[in-house]
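Following are the structures in question.
Note that subunit A is present in both complexes that follow, paired respectively with subunit B and with subunit C.
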Partner chain A sequence: MEFLQTCIDGLLFGSAYSLLALSFSLLFGVMKRINLAFGSTLLLSAVFSLWIDSLFSIGIFGIFFLMIASSALINIYVEKLCFYPHSGKYGATVSMISSFAIWMQLDEMSSFLLPDRTASFPSFLPDSFFLKDLFIRIDQLFLFLIAVFMTSIFFYVLYKTNYGLLLRGVSFDGELAKKLGVNSGKISSFAFAFSGIFGAIAAFLILSTESQVTPFFGFWCTLKGLVAMMLGGIGSLPGAIIGGLFLGLVESNVINYLGAEYRDICTYLILLFILVVKPGGIMGSALLRDERAASERI
Partner chain B sequence: MDYYLGVFQTIGVHTLLGLSAYILLLTGQVSMAQIGFFAIGAYSSGVLTVIFSWNIYPALAFGALLASFFAFLVGFPALRVKGLMLVIATIAFSEIVRLITFNFVWMVEKDGIMVGAEGAQGFREIRYFTTNGWDSSQVVLLIWIFVAIVMAMLWWLDRVKAGAVLRAVGNDELAAQSSGINLTTVKVAAMTAGGFIAGLGGGLYAHAVSYVDHITFTILMATFAISYPILGGTKNVFGTLLAVIFIQGILIEAFRFLEDWRLIIFGLLIILVMNFMPDGLVSIFKKSNPGKGN
Partner chain C sequence: MSLYLITVLTNICLFSFIALSAYLILIVGEVSFGQQAFFGIGAYSLAIFFVYFDFSIISSIFFGMLICFCLALFLSLLTIKLSGLYFAMATLAFAEVFRLSMNLVRFPIEKEGRATGLNGPEGFENIRWIFENNIDPLGFFYITLITLTILVISLFILERSFIMKNARIVGKDIILAQSLGIRPRPYRVFFIGTAGAISGLGGALFALANTYIEPAMFGMMLGVHSLAYTIIGGLGLPIGPLLGVFIDIGLLESIRFLSEYRMIIFGGLVAIILIFYPEGIISPRIASRIKRLFFNKGL
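On to the complex of A and B.
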């Protein structure tokens, strides 16, 4: 029974990770870029919206939409400064370092807007309930459903719309796409804005289940999103969800049976193990496997 | 005066950290594990001088060797992953090391007080230099002697065949492999050498500031380590030194008067350098070469 409760807690908490992993997998899986400023963008958009709310009291829906808009805009700013100018052999690394510089900049701005270090975040979700002996948090259940719903939107945009086709084309071969007349700058901005919108929805839901925002939220988002996405598999949308749930499951069980201080060590050991044994992640995309197979064959 | 000595000390230690990433970057590996090796060097040499009362030189050597041993071990599995996957895998390694230092407790009683590593409280009282009567300028001198030795060796490396082999692997693995270079040997050797330099830097850092804890070894420092050679350029070994002086000396120290705005300007300046100097900071001293991309 205790094990079951731990697993339920883990799975429900893991849905937050899944949401973050989804927003990450667009940039990493499709664009093949690491955006270290991802979490800081979400933090800044949340803090900015709270700040506007404190001035004009725009209400919970105002905060929601303002977060989405500001996060998309900040993401475009990050893309124009860090990712658009860099391509070529070290392009991915150089843009990662650039995004690191922006990360510090955005965090500093957040601390301007958040002088008290913490602020309460409005919560709208209903309370928890007991199912026989099992304690279930409704808000986290809601998070899980949203994660599944967002995956389907994501899937639709990526595989059924024109933009999704162009996006996949640019990520597959940027040079070729350019020669065929694709405006890759616009497509890349679109991808970043899209990931910002997804991230903002995820951040809004997570913050309202936590009902507070702290300066550590940004880094937490980046790290957990990255780890959950890597566990699940790069470039695989169901993989992002499964990776998040798996991460939650591992964390809650480790906390229960080994102690909280071993939580992160175990997570990273599993990540290292999976990366070395199966570099594509649990459900790594076929594309990645093919690339790898090709390079090994040569 | 002490303030300037402190700045020189920081620049020296960060140069070692940057050079350890530089040698890996020559082979085309982007590693965030350097800070993990740095932590191993800092903790092991600190334990040796504080708990076992070793002399500083064998302690530093042992710290560097232990770090290079771990780098050797990390090198093999890391060969299986490339590019951004290697970045993530090495981040995972660095975080594991950091979390171990977070939980690492080894305290003994000495002269009536408890000394040693105290988990989340960090490793305090690494007082080899003060108890043996070194003053700050001697410590700075020691650090810079090591920096000079490491830089001279890396500079020399570029003048012999081994350097050409490293760069060949970095430029085109396939071509290097087909001309008979053993990729595994080269990459693991570069990783081991990088681990040695980072471990040396960690040992020097721990003794120079007399206090280390897990916050020193976060992903932030790992990103700093790899950003020095990238910002400075891999043309030659001086690029890394220039980048450290640019970031630690100019952006962090000289801009202190900007107070809270410093980090905001800092981010923008790094990005400007990245965008307008694709060959790195060393290109200041060269004629511009417009045909070359990053």
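On to the complex of A and C.
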């Protein structure tokens, strides 16, 4: 029973990781680049919305929509400054470093708006209930359901709409898409905005279950999103979901059986092990093979 | 010189070591998020050899570098199939495992009436070499400067040799390298190992300068900073990473009067520098122009 309880906690929390990994994976799938400023974008949008709330008291829904809007805008700013000007193989490293510089900048701005280091975040549905002997927090359950719902919207946008088609086209072959008349700059801005919206929803849900914001939230988001994405397999959307849930399961079990100080060590050991043994992650081995085949052809 | 200026200059020299190690790895075309681990391993092994086993300072530094070299070789052999983001994440995972396990190791001892030794998150205190030998900050600055100069000169000598040229080809285009008859993997393994040793040397000097080390000093931020130094400075010459460190630390210190806004300005500035100089300030193109100027011939 204890094991079942731990697994349920892990899965419920892992759904937050899945959302973060999905928004990372979207960017990596389309741009083949890493946006290190991703987490601090979410932090800044959350802190900014709280600041506006303290001035005008816009309420929880106001915070929610303001977070989405500001996160999308900041993401477009990051795209224009760090990703748009750099292209080519070497450009991937440069834009990563550039986004790292912007990460510092955004973190500093957030610490301006967050002078007390922590702020309480409004939470909703604070109740919890017992299902027979299992303790389930409603807000976490809600987070899980929202994650499932958002993921289906994500897949709908990617596979059923016109924008999704264009996105996948640019992701498949940027040059070819350009020659077929796709405005790839606009598409990459769209991808950034979309991942910002997605990330903001994830961040809102995570923050309201944690019910506080700390300056480390940005770093935490970036790291957990990256790790979950790598565990599941780069560029694979189902992989991102599975990677997040797997990460949640591992963490909750390690905390329960070994202790909290071993949590991150075990996560990184598993990540190192998976990278060495099965570099494509849990789901992405075929993707890795294709990528290698593409880069090795003469 | 004032004490403040000496401290800043010493820091510039110390962080140049880790930037140079990131530089070597970038030359063979990989990105490492894990150089801070070797910096930390160098620092910790110096402290362990020096405090627990009473080795002389030279042999402590040497063994620290040897351990870093072996671990970096091991890591590069482990990740031999990986490249790009996969390699970066593997090195990050390695570095975080090192840092977090240092949080768990506790083995405090007492030496000459002072608490010292491995002590988890509280760190390793009282590495008192500079006090025992009466070395003032200026003297230590000269020590680091001389070590750094020797390192940079040997890298310049390496730059003129076929090893560096072949490594640059490997980093630029693996298929081209293979069709020229260069085997990429030995270069990659050797360069990653050497980078680990250089980073370890820097870490050892860092531990001596600070007399105190803790795991939190060797977080991911340090590794990404070292990458940023190299990218800003450029991959053309070994001077590049030094320039990057100088720009970062020097500029940050000089706009201290704007201290509240300095990261906001600086972050944007770096992004803008990278738009205009995407290959860094001393890019390979400029480097070959400089070489032509001095040696009257190209690469």
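Here, the second predicted complex is superposed on the first by the 287 of 298 C-alpha atoms of A that agree within 3 Å, B and C clash if a C-alpha of one lies under 4 Å from a C-alpha of the other, contacts with A are read in each partner's own complex, and residues count from 1 in each chain.
The rule we apply is simple: a contact is a pair of C-beta atoms (placed from the backbone, for glycine too) under 8 Å apart; a residue touches a chain by one contact, two chains touch by 3 or more.
In this text the structure is predicted, and so the values were computed from the model without any measurement.
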Superposition on subunit A - do subunit B and subunit C clash or fit: clash
First (subunit B), second (subunit C), both or neither touched by A:98: both
First (subunit B), second (subunit C), both or neither touched by A:34: both
Touched partner set for A:85, first subunit B, second subunit C, both or neither: both
Contacts of A:261 with subunit B and subunit C, given as first, second, both or neither: both
Partner chain(s) touched by A:178 [first = subunit B, second = subunit C, both, neither]: neither
Touching both subunit B and subunit C, residues of subunit A: 28, 34, 36, 81-82, 85-86, 90-94, 96-98, 100-105, 107-109, 112, 223, 226-227, 230, 261, 264-265, 268-269, 271-272, 275-276, 279, 298
Touching residues (chain side subunit B, partner subunit A) in the complex: 30, 77-78, 80-81, 83-85, 87-89, 92-93, 95-96, 99-100, 102-103, 174, 219, 223, 226-227, 230-231, 260, 263-264, 266-268, 270-271, 274-275, 293-294
Subunit C contact footprint on subunit A (complex, rising order): 28, 34, 36, 81-82, 85-86, 90-94, 96-98, 100-109, 112, 223, 226-227, 230, 234, 261-262, 264-265, 268-269, 271-272, 275-276, 279, 288, 296, 298
Touching residues (chain side subunit A, partner subunit B) in the complex: 28, 32, 34, 36, 81-82, 85-88, 90-94, 96-98, 100-105, 107-109, 111-112, 223, 226-227, 230, 261, 264-265, 268-269, 271-272, 275-276, 279, 298
Sites on subunit C touched by subunit A in the complex: 26, 31, 78-79, 81-82, 84-86, 89-90, 92-94, 96-97, 100-101, 103-104, 175, 179, 220, 224, 227-228, 231-232, 260-261, 263-264, 266-268, 270-272, 274-275, 278-279
